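Presented below are the structures under discussion, each in the form of structure tokens.
In what follows, chain A forms one complex with chain B and a second complex with chain C.
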Partner chain A sequence: MDPITIISQLVTGLSIASILLLVALGLAIIYGATGVINLAHGEFVMLGAYSAWALQTFFNMSLFESLIFIFIIVALLGWAIERTVIRHLYARPLDTILATWGIGVIAQQAIRLTAGGELRYVEMPKQLADSVLIFGVEISSFRIFVLIFAATLFGLTWYLMYRTTFGIKLRAITQNPEVASSFGINSNRVFGLTFAYGAGLAGLAGALISPLKSVSPEMGTTYVVDAFLIVVLGGVESLMGTVLSAIILGELSSILSFYSNDTIAKALVLLAIVILIRFRPQGLFSSKVRS
Partner chain B sequence: MKEGRRSFLKKTVVGTGVLAASNFPYIWVKNSSLAYAAKGEVKVGVLFSLTGTTGIIEESLNKATIMAIEEINDSGGINGMKITPVVEDPASDPATFAAKARKLVLNDRCVSVFGSYTSASRKAVLPVFEKRENLYWYPTLYEGRECSKNVIYTGAVPNQQQDEFVPWLVEKFGKRWYLIGSNYIYPKEENNYCKKLLADLGCEVVAEEYVPLGHSEFASVVNKFRSEKPNVIFSTVVGDSVVALHRQYRAAGLDPETMPMASLTTSENEVAAMGGDAAAGHFTSAPYFQVWDSPENQKFVEAYRKRWGEDKVTHFVSEPSYFQVYMFKQAVEKLDPSDISPQTIREAVKGVELVAPQGLVRLDPATLHTYLWPKIGVCKSDGQFEILKQSSEWLAPVPYKAYPDQVCTEAGLKQV
Partner chain C sequence: MSAVIDEKSKLVINETSKRYSNTKSQIIIYGIVCALIFIVPSFMDNAYLLNKFSTYLIMGMLAMALSLSWGYGGILNLGQAVSFGLGSYCMAMALKLRTVPIHTGAEGLPDFMVWNNVETLPLIWQPFHSLTLAVFLGIAVPVVFAMLVGWFMFKGRITGVYVAIITLAILVVVNLLIIDQQRITGGFNGITDLAQLEVFGFEFDAYSSSAYYLIAIFLTLSLFLALAITKSKTGKILQAVRDHEDRVRYFGYDVSHFQIFVFAVSAGISGLAGMLYTIVMEFASPTFLGVHLSLSIVIWCAVGGRQSLIGAMLGAIFVVGIQGSLSESETFLETWTLVMGFIFVMVVLFLPKGIAGAFESLAARIRQKN
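Take a look at the complex of A and B:
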């Protein structure tokens, strides 16, 4: 077995992991902080992809230029949904599953009615359309860009959560909402912003995968499953766990699909997660919280 | 048709009550075949999904069918009789297909039904048409291996798309082939036939691989292309996955000049979604492309755009949806109005020939499949196909060609 193949598969695994991380990061924040099981997460990803398509088609914007707008659009949508629906359901976590699933269906059909059901085309930025040679391995420049972007977003999110006042407030609420409010923290406002931030991240993920994959109203369904697997495997309240589990799943799919095929790889990865959750229900890297 | 009967039994356990009830009033007119062509009209069913997952593509088949019916009616109908379409929306769901087919055949007394895009939906309605001795017109290219006497097949079967395509690719690019497909029946049957052709040509299949339906992460697959270095990648990946595969192949810097993908299902629709850049240099074999240069096709494309909108495209499933209505017309024309029934239409359509947009087609009396004109197209960077080659003669349909011990004959499936 030649070293080039090994390196190439490891890099591929990292690339798969970066896409998984992008998709899962928003969910990790929302699920970890507010406890809301957001089944509409895949639709936020889809809305991000469609925003990229709309900005490109109607405003002639390249993907780079449109990223900030996509973040704002999807974050605003997420914020509106939190204000109108989710905030009433914090005390009833099971009902959020049904509510967010319904929101997902509405979003899919709304896109079908407005943008149409056919597959849409988002152009890859010209500068990144080709491949580069790294350690003797040829890899798509765009995939490298996605990798760097995902790492940067993760860094930003980590900073936000652990080095800013907003993050301290959010973590305080997560640990004990009553005590946090008694210290004057407005949990309503913090949750609203958290949800918006998570949705915005999902939107960015959708925009960034659209030049590599296809854009359709149903595209979110597969991503929400991936995202939940990563968050659950990594441990719900652990950001670091999310990264590590994305890397584990990415490398695992990459290696298994190279030596067998994608169908078998998918089945084996799921099986591994099922076994792991059986023996470690809290996930691989749960943060220790006094209860 | 052991399989058909078994699934039929399953369906009828539920459906018997409904069937018996809805069939009742027609006992009175059972021998009066006038019921099929009364009041100067011939009723036909149109059964394409307008909603659900395959709604978009099937809507274009519905449009092509309706346009053909309108054209025939505008130019005087069939022997003075109008065709009246009864349109139903089976919502991309096989069970709904079966229910709507039952309604069209029993309640509406349609003499034929035009419908289906997926094989799953065709298999679901088959018991209805076989039990009720009605006729189903199926326009999609499919995996073959079916020999129903109640279906008229106007799309291509594997031998028609591959017989000229595979040897042509071998000669042009070489003998190492990589087969990749989506994980379901259609790609497996196409590959069965492809492997047979390749074995005869002394070629090597370096890999045969299936990805889950809807799969979109092709990073490892692309790495395998790179390390195996096949001469041709034979792709039967379908739907959204086609777009992801082409885009990731392009982004990884692979070169279609030395390692082209050859597909049977990449049409103008998928190319629009992946962009000309990702599609350029790859090949498709199909009996019809929108750019095909013939007076009939020019007329078809113009009429289609005029009727449904300038931005609409015609493709290799909408074209058979269109010409099969004209086949129906030719068959019914031969019949006395009092004699019109699904069975007489089936007998009359055998051997019917007409000039379709793709060329002169003919319905094979033995298999009820259609003689077609496969073409090889290469995609250009502007997203249009350029047709490189048309087969020198029409190709006979052989739905069991990968299975030499089985032959589809006029009397049904024969074991040899």
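Take a look at the complex of A and C:
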């Protein structure tokens, strides 16, 4: 490979990684804090994409303007789902897989019945429709924006978890719910907000993916498996691990797809993760594991 | 609310263990259900409906197989469709080789290979010239694959959520590979335009009662095989593993052997179901190993009752049956899927043991009153 190809593959890898990180970040928080396997996470992504489409089509909003609304819409939905369904299942983590899959089916079907099953397209913001040259490689500005956005959201989330009272409460509950509640922490409220925040992040991910890929009711299913593997690979309760494993995965798929094709690359990456989980279920970058 | 449910489920556990000791009544119930399945064709001469019914039975078989590994062994296999798909592809390859290709004539290449510029029949297709070997492989391939995956997971003491994630990921990998290897598998389109199954000169027409009876026979056989396993010592140990893995280990049992065993048996039944499905559908497609089907199996099983073989089976037959009867009208089907998702969430929340579990606790309460 000549240097230009190497750089271009690396940049493609980073771009894939930033999208994966956006999707996985919300999942990492929800799974890390509550132990809930949220199979509806892909549907939150999908709802975010559809919100972007709806706001653009019916309210003529550009993607930038709509981001904050999308976050609020999907976060509210996530909060409502946590209040009505998820909170009854904290003692039965395996059953959360089933219930959230059911919620995913409902969400997909609700969209199919209202917005229709056909593919939808979201316009890219005009300011970012061009591309820039970096080290002699042409890269779409929007992809760079996604990369920066993902990094910013990660920074915000990290700050929220490790530098605010909310984060301290959440981590206290995760470590020991009984002791935390005896210190007056309302775990119900904290879990509800955590779920809402995670869902909101997924919504933003969907909104940012929407100009790059076509929007369909089934789009979420493809992301949820990848996102889960990233979270588990990175190590539960380790935000840094999530970032690193997203980067590893992104680069790995980009490099492997250079040598074979996208499908084989994806299959090989998944297989590699399965083997890693088998030997390090606690993840690559975490020393302790949720009991 | 959840405390109430916990109390209830404790009651159910006590009552079910009492009830399950009553093997004789269980055999009678299972026998009646199977007999009912066998008399369906005498009331129905509509070939199209009979074909649909056959597919419902196959889904019932799949859910029953999952109930064996999930309800009895505690292994939540989200990749149940892998074994189903492998079985169905084995049968499809055998039946494809029995057609006379238009482009190359008898003994020639399957049509999709000609389109993909394949010159000679790939080695992996060679064994499927023999139907006997194909049927053997249709069960053996899923079983061996499950044993490998099971060995890989259970020797490493992988449990619970991680089993679910690993099996789901493996399902996606196998699905991707089958779609990618278009020259061998037909890719997205799968293997279509198959010959009809013919054994000793007897033809199993997909739209006839013969195919239906074939499926009913294998459904009954596998149901009673599964029942026998749950009643055996192995079955008892498996249930103990499900409830308290560590305690079983303290008794000196190698827990992984039991888990691999039930995982493989469940895969074998699914492989058989896959072969039967190809016979009635007359094609094999990558959707047979899709995430959607695989998770649907889990749903049927949970709705019917994961800890009851017959409950899981009937759950699948009814859910798929309702879906099938509504599929005539697009809007009905769409709404039904929405309702189904809702019912499913409710069942998980309020009936953790499914409808069969609810029936059992109801029966127990009535007995208590008398």
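Methods note: the second predicted complex is superposed on the first by the 286 of 291 C-alpha atoms of A that agree within 3 Å, B and C clash if a C-alpha of one lies under 4 Å from a C-alpha of the other, contacts with A are read in each partner's own complex, and residues count from 1 in each chain.
Heads up, the rule we're going with is that a residue touches a chain if its C-beta (ideal position, glycine included) is under 8 Å from a C-beta of that chain, and two chains touch if they have at least 3 such contacts.
Note that the structure is a prediction, hence the values are computed from the model and not measured.
Visitor: Quick check on the superposed pair: does A:V274 touch chain B, chain C, both, or neither? Answer first, second, both or neither.
Guide: A:V274 contacts chain C only, not chain B.
Visitor: Now for A:T164: first (chain B), second (chain C), both, or neither, which partner does it touch?
Guide: Touch status of A:T164: no partner.
Visitor: Would you check which partner chain A:N176 touches, where first means chain B only, second means chain C only, and both and neither mean what they say?
Guide: neither
Visitor: With both complexes overlaid on chain A, does A:T152 touch chain B (first), chain C (second), both or neither?
Guide: A:T152: touches no partner chain.
Visitor: Looking at A:E138, would you say it contacts chain B, chain C, both, or neither? Reply first, second, both or neither.
Guide: The first partner, chain B, only.
Visitor: After superposition on the shared chain, which partner residues are touched by A:T114: those of chain B (first), chain C (second), both, or neither?
Guide: Touch status of A:T114: no partner.
Visitor: Looking at the overlay, does A:A91 come into contact with chain B only (first), chain C only (second), both, or neither?
Guide: second
Visitor: Classify the contacts of A:T263 with the two partner chains as first (chain B alone), second (chain C alone), both, or neither.
Guide: Both partners.
Visitor: I'd like to know which partner A:K213 touches here: chain B for first, chain C for second, both or neither.
Guide: The answer is first: A:K213 touches chain B but not chain C.
Visitor: Where on chain A do the contacts with chain B and the contacts with chain C coincide?
Guide: Comparing the two interfaces on chain A, one with chain B and one with chain C, the shared residues are 261, 263, 266.
Visitor: Give the list of chain C residues in touch with chain A in this complex.
Guide: Contact set of chain C toward chain A: 1-2, 5-6, 76, 78, 152-153, 156, 158, 160-162, 164-166, 168-170, 172-173, 176-177, 179-180, 291-292, 295, 298-299, 302, 334-335, 337-338, 340-342, 344-345, 348-349, 352.
Visitor: Could you pull out which chain A residues touch chain C in their complex?
Guide: Within the complex, chain A touches chain C at residues 37, 39, 85, 88-89, 91-95, 97-99, 101-106, 109-110, 112-113, 221, 225, 228-229, 232, 261, 263-264, 266-267, 270-271, 273-274, 277-279, 281.
Visitor: Could you pull out which chain A residues touch chain B in their complex?
Guide: 5, 8-9, 12, 15-16, 19, 116-121, 123-124, 129-131, 138-143, 211-216, 218-219, 222, 253-254, 257-258, 261-263, 265-266
Visitor: Under the touch definition given earlier, write down the residues of chain B that touch chain A in their complex.
Guide: Those residues of chain B that touch chain A are 53, 55-56, 183, 209-212, 214-217, 219-221, 223-224, 226-227, 240-241, 243-244, 247-248, 250-253, 269-270, 272-275, 277.
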